[in-house]
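Common to both upcoming complexes is chain A, partnered first by chain B, then by chain C.
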Partner chain A sequence: MNETMLSYRVKDNLIHSLHPLTTLSYVLVITILSLIFYHPIYLAALLLPAALVIVSSGHYKEWSIYLKLSVSLIILIAVLNMVFSREGETILFTLQLLPGMAPLDLSLEALAFAAGMGLRLLVIITAFCLYSQAIDPDRILRAVAGLGKGKTVLAIILATRLFPQFLRDYRRIMEISQCRGVDPYHGNLWQRTGRLKPVISVLFSSSLEQALELAESMYARGYGSGERSQRQADLWHPRDFLILLALIIAFFCGILAYGQGWTAFNYYPRLSWEFSGSSILTLMTLSLAIPSVLNWGCKRSNSFLSKI
Partner chain B sequence: MQLRISLISLGLLGLLLLLSIWPGRSLGNWNWGLLAATILTVALAGFFWQFERRRNSIVQLSFIATISSLAALSRVAFVPIAGLQPASFIIMISGYVFGSQTGFLVGAITALVSNFFLGQGPWTPWQMLAWGICGLLAGCLGQALSAFRLLPFVFLCTFSAFLFGWITNISYWSSFVHPLNWSSYLGSCIASFPFDLIHAAGNLAFSLLFGTHFYQLLFRFQRKMSGYSK
Partner chain C sequence: MSYSYPDEKEPALKKINLTLNEGEFVLLSGVSGCGKTTLLRAIAGLVPDFHGGHLAGAIYLDRIPLTRIPHRQRLLKTGIVFQEAERQLLMNTVEAEIAFALENLGFPPALIKRRIMEVAAALDLTDCLPQATATLSGGQKQKVVLASILAWEPEILLLDEPTSQLDPVAAEQILNSIRRLNEDSGLTVILAEQRLERCFHLADRVLVMKNGAIACDEQSFDKLSHWAVKNETSCLPPVARLFAGCAFSKIPASIKEGRGVLRSLAPQGDFSPSFSAASPGLGNKLDAERSFEQPVVEVEKVWFRYPEGKEVLKDISFNLKAGEFAVLMGPNGAGKSTILKNLNGLLRPGRGKIKICGRDSKGVPVAELANSIAYLSQNPDDYLFLPTVREEVKFSLQYLAGKDDIDSRSDQVLQRFGLCRLAQLNPRDLSSGERQKVALAAVLASEPRVLLLDEPTRGLDYRHKEELGRILLEMQAEGTAILMVSHDVEFVAEYAAKVIFITDGSLLCSGSKYDMLSSSTFYSPQVTKVFRGIAQGIVTLEQAQELLQRILYHRQEAIPRLAGNAGTGEK
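And then the complex of A and B:
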C-alpha cells in the first residue's frame, strides 16, 4: 500500500510499537469517559494526558490540523446551544434577529454549556486523531480478523489495498485519454464532464473485471476451502499489559467519579459548580499519562523499549 | 432479515429520540450521546454479524471490496468540494442492483475505508450507518421495481443526500447540544443544509449522467457473477 496516502504514518516510538488493540482501548476509554463527563475540570483531565500521548508520539502537526478543523464544529455547537437553550437565568444580552420575531435571549449558562461541550469535542477529536495517526489500519484489521468468519474484515482489507491500485489505474486511463487528444482537464464544465465520462466508465468496468480476477486468485489460493488459518502478527508485550492495567484503573476512577456525581456540572438554570474527588481525578490523569511517560523513558534510554 | 434489523435499529433510534423530547422529559437526563453511540454500534455490529453468517461467494466478497474501494476513491477525489459525494451514487447503484445487504455493506465499508485516507473521527460510525442506510434503501427500491427506472432512482438518490445529512447530524447534536428537542435538531439540519444541498445536487447529476450506464454495467456483471459457483 502507498503509505503516503494513508493518514497513518509509521514512527519509531513506543506508542507506535504498542499492540493495536492497546491503542484502540486507550481511544475507547478516553471517548467513553468524555461522553459521561460534564465537568470541565474532568474533561480537561482527559484532554491533558491524551494531548501528551499525541505530542510525545510525534503527531503534534497532525493534531493541530484536527484542532483547526474542529473549530468550525465548536462554533456551530456554540451557536446551536445559545440560540435554542431557554433554560439559562443569567441573560447576557437580547438579540432581535428579525422584526416581528420573538427576541432571542443569550444566557451565560448556554455559553458555559457550549464551552464545556467544545472541550468534550476537543477530547474526542484528540482521541480519534491518535487512532488515525498511531494505529496502522492493516494491523488493527488483522487484530480483529478473528471476529466471526472474518469476511467483513477481509472485505475492508481488500478495499483498502485496492484503493491505490484504482488510483494508479485512473491516472493511466487519463494519460491514455490525453494521448488520444481528449483532455478532460480543459474546456468548460460541460465539455470536461463529457470527456471525463468515458474515463470513469472505463475505470469502472475495468475495476469490475479486476474483481473477478481477484476472486479467481483467492479461489486458487484456497479461500473458502476450509477453516480459515490465522497468523498472529502482533505480539503482546509487557508495555501493553502495563498500559491496559493503567486504562482499567483510569476507567474505574472515571466510573467511580461519575457514580459519586463528581463529574456532573450544573449549567442550568443558573451556573453553579463545585469540585470534588481531586485524588481520584489525579489518579485517573496519571494513569492515562502512562503511555507518554513510557515513551519519554524510551527516548531517554535506548534499551528501555527492549526491556518492556 | 437484514431489512428487519435495520428497521428495528432505526425504530429504536427514533423511539429514543421521541422519548428524549417527550413532555415531562422523564428520560431527559439520560446521556443521549453515549446511548446513541451504543445503539449505533449495536446496529452496525448486527449488520456485519448477518453478513458473517450468510453464505457469500468469493466473487460477492471481492465485488463488495472493489466497489467500496471505487466509492472511497471517488469520495477522496472530490473532497476539495465540501459536500459533493459521488460515493453516495456508487453505493446506491450497487445497492439497487445487488440488493439491500450488499448496498448496506458497500456504504459502511466505503465510509470506513475512505476515512483511513481522510482521517477517522467520531463521525466515522455515523457515516457508516448513513451510507449503509442509503445503500439499503436503494436495494429496497431495486427489489420493488422489476426493471431499472431512472426517475425513481434519481429521486431516491437526491433524497438520500438529505437523509445522509440528517443522520450524521445526530452525531454532534446528541452529544453536544442542549436541549435535545425538535427545534435544536432542526437548527442542526439548517446548519448543514448548504452541504446537503451540494450533496443532493451532486447525486442528481451523477445519477442522471451515469445512472443507466452504471446500472447496465453492474447488471451484466451480476449475470457474469452468477456463472461462478463459489
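And then the complex of A and C:
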C-alpha cells in the first residue's frame, strides 16, 4: 500500500469537474448494489462501468495498485473458503494435509463462491479507489459539512487526513525498525509477524498523538464554534443532473433486479447457471457508464464540456 | 493563575501573574518543559477547554474573564500557531487550508476570498494557493499555517516555536513577516522560542519561565541581562553571552549593538589576523593525520530520484573519515535527508557508488548495514516502543551487537548517557530532550563506526543541546564518523568540524566550519556576524570570548601608552 493510492490529485477532465456529491452518489450506488448482488454477471456489470470511469478519468495507474492488493486478498478468500466450506457437491480434488487427519474435499462450488465474493470485493475496492482519486477531499468535506454537523464530519476529516499520514508513518517506522537491525522481510510468517509488533506499537501511539494534535489545531481554528460559512459553493452543472438521473435509473434497475430475485445466485450445493433480466442489466450497465461516455465526449470535443 | 493537566499531580503553571499590553512583541524563553506551551494554550483558552485539567485563578481578555467569552469570540481575538506545521495542516490545498478557519468562524464568502488574497500576498503564498499542501516545503507549510491564523486578523498572535524546523533563511522570512505585522498592524505577538539568536532582537519584552512560573519579566534588556548573568545565561542569545562572559556592564542585545561596541573598542579594525583563531592547531594536526586514512564513508557521483519525481540528488561526492564530524546544511528540500537515507540503505542511488567501511553498500540489506552505520531520524519517538529505557537499549544490543553479555553492556550504555536513573521508566513519559537521549543511546549501543543524525537539536533547549554536543564530541574522539543534517547554525558552529552545503540536490561547497560559516551570510553564527570585518574565522563562542578578552587586555595596555604619547605631545 502506498500514498499514491490515497492522495487526491486534480486532473482536467469531466469526472473531476463533477459536483462532489454527484461522484459520491456514484460511489454509493456502486457500493450498495455490490452488497446486495450475488450473481457474478450482475457484479461484473457493476465492475465494468466503474472501471471505465476510473480509466477514463486517468487513474488506471492508481487502480492497478488497488487491483494488485485485491488479488492477494481474493486468493486468501478462495483458499480459506475452499478449506473450510463443506457445502459443495462437485468435488474437484481431495487433499490429505496430515496423516491421520480427515481428508479435505475441495469443491467447485466453494471455489465459485470465493470467486463471486472476490468479484464483489473487487467492485467495492474499485468504488473506494474512485472515491479517493476522483473526489477532492476539501470539496467533499465542504459539501458534507453543509449537510450535517458535529462528530460525523469531524470523524471524516480526521480519517481522510490521518489515513495517508498513517501509511507514511508506517513506512517511516518500518525504516527505523530496519535501521535498528530488524529485518522485517526475513524468516517465516510467525517471525515476521513478531517483528511487526514494535512497529504497530509505535504506529498506534504516534497516530493517537497526531489525532489529538490535529483535533487541537481544528479547535483552535474555530471548528465547532458555531455555524460555518462557505467561501464558494460547488456549482451544479447539467452534467451532474444527467449523471444523477442515470444513477437513479441504474439504482432502480438494480433494486428491480434484486426484487425479482435475478441478482441471486445459487452457489451451493450445486452451481446453477441461471440468468435473467438481461435488458434490465444492460440498462443498468449503460446508465452507470454514462460518466465515462460523457468524459470521452469531452475529450473528443473541447466545447462539449462547456455545453454540459 | 495556576493550571494542572488531567491526572497530573504537579501543576504545569504555578501562580502566574502577568499583564500583556496591546501591540507588544513578547518573547517567551525557558528550558523544555518549563510551561511555555501551556501558558500559550492558557491564553488561547485551550486549557482547560480542550485539554481538561484544573485551572485556578483567572485569565482576562480586555478585562473580561476568558471563561465568560464564547469560543468563537475568543478565537476572533487570539490565534495560536503550533510547533509542527505538518501536524496542523488539514485540507488538501493551500487555499482551502487558509479558508478553513474563516469558514469555521462564519465569515461571509466575499470577505473570505478577500482575506485569502490579502494574507497570501502578505506571506508570498499567492502562487501556492492552488497547490496541494503535501507538495510544499517546510517553510511554505509553516507560512500556510500562519496565514490560516492571520487570515481572520486576531488581535493576539501566539506562536509556539514556529521556526524550529526551518532553515535560517525561511525562519528569517517568517519572523520578519511577523515583525512587520506587529509594527504595521499593532498585532500583539507572544512568541515561545528556543533559538533565541533568531528572534531576541525583535522582542519588546522577554519572559523567562522556570518550572511553570515566571522567573523574569523584563522590558529593559540591561536588567534582563544582569538577571541572566546571575541566574540563567541560557536565556540570552550568543551575542549577549559573549559580552556577558567578558563582564561588560552594558550588554548588547543585537549584532548591530555588538558591532558598535567592538568598533568603539578598536575603531581601526586591527584585530585580524594577529588575534584570529582561524587556525586551530589541533584540528589541523588531526586533519593531517586523517588524510592518510581510508574513509569510512565514500560517496561517489551519486544521483537519486524518487519514483515519479525529479532528480533529488545530482552528482554528489564526498568522503568521511573515522573521527570526522561533518554537517550537511542547506535550505529545506535541498536533499540533505535523502543523502542520509542513501547512506544507510533506506534509499538506493540511481547512479553512483556508496561505500561504507570500504564495502559497496549496493545490495546489502539495511539491517546488515545497521551494524556499522547508525541513524537517528528527526523524530526520536519512532525509536521508542518498549516499556522501559533499559529494554530499548537492550533491544538494539540484541539485534545489532550479538547476544553476549547484553545486561552488563546495556548498563554501560545507560551509564555513559546518564540514563541510569531513568532506566526503569517508560521512554514515552520522558521530556523531549530525554527522549532524544534515549533514542541516541539506543542507536549508539552497538558502537557503530558511522553515526547519521537528522536535525537532532530540533526542539531541544540549551541544556540538552550542550549535553548532545558533549556526547557527539566523545563519539568523535573515539573515532566515530558523524554526519549530521542541521539548520542549527549555533550548534554546528560550536561542535562540528566540517560543513557541506547542499542546494537543489547538488553539493555547493564543503570545508572546515571556519571557512564555510565565516563566509556565509545567513548560515553563520552570531559571533561570526559580530566580528565580520573585524576579525576573520571567529565561529565559536569560546573563540570569540578569548579574542574579546585579548582585545580588552591590549586596549588596557594601550590606554596608558596613548595617554603617555598624548602627554608627550602636549609637552
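To be clear about the criterion, the second predicted complex is superposed on the first by the 217 of 308 C-alpha atoms of A that agree within 3 Å, B and C clash if a C-alpha of one lies under 4 Å from a C-alpha of the other, contacts with A are read in each partner's own complex, and residues count from 1 in each chain.
Going forward, a residue touches a chain if its C-beta (ideal position, glycine included) is under 8 Å from a C-beta of that chain, and two chains touch if they have at least 3 such contacts.
A quick note: this is a predicted structure, and the numbers were derived from the prediction, not measured.
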{"item": "Which superposed partner A:202 touches (first chain B, second chain C, both, neither)", "value": "second"}
{"item": "Which superposed partner A:136 touches (first chain B, second chain C, both, neither)", "value": "second"}
{"item": "Which of chain B and chain C A:81 touches, first, second, both or neither", "value": "first"}
{"item": "Which of chain B and chain C A:31 touches, first, second, both or neither", "value": "first"}
{"item": "Partner chain in contact with A:125 - chain B first, chain C second, else both or neither", "value": "first"}
{"item": "Which superposed partner A:155 touches (first chain B, second chain C, both, neither)", "value": "first"}
{"item": "Partner chain in contact with A:223 - chain B first, chain C second, else both or neither", "value": "both"}
{"item": "Which superposed partner A:170 touches (first chain B, second chain C, both, neither)", "value": "first"}
{"item": "First, second, both or neither for A:117, with chain B first and chain C second", "value": "first"}
{"item": "More chain A residues in contact - chain B or chain C", "value": "B"}
{"item": "Shared chain A surface residues [contacts with chain B and with chain C]", "value": "7-8, 137, 201, 205, 210, 214-215, 218-219, 223-224"}
{"item": "Interface residues, chain C side, partner chain A - complex", "value": "44, 46, 49-51, 70-72, 75, 79-80, 82, 84, 87-88, 90-93, 96, 99-109, 112-113, 116, 130, 132, 134, 148-149, 152, 308, 341, 344, 346, 365-368, 370-371, 374-375, 377, 379, 381-386, 395-396, 399-400, 428, 442-443, 446"}
{"item": "Chain A residues within the chain C interface of the complex", "value": "4, 7-10, 136-138, 141-142, 157, 161, 172-173, 175-176, 178-183, 186, 198-199, 201-202, 205-206, 209-210, 213-232"}
{"item": "Chain A-facing residues of chain B, complex", "value": "31, 33-34, 37, 48-49, 51-53, 56-59, 61-70, 72-73, 105, 109-110, 112-113, 115-122, 124, 172-173, 175-179, 181, 183-184, 187-188, 191, 209-210, 213-214, 217-218, 221, 224-225, 228, 230"}
{"item": "Contacting residues of chain A [partner chain B, same complex]", "value": "5-8, 31-32, 35-36, 66, 73, 76-77, 79-81, 83-85, 87, 110, 113, 117-118, 120-121, 124-125, 128-129, 131-132, 137, 147-152, 154-156, 158-160, 162-163, 166-167, 170, 193, 197, 200-201, 203-205, 207-208, 210-212, 214-215, 218-219, 223-224, 267-268"}
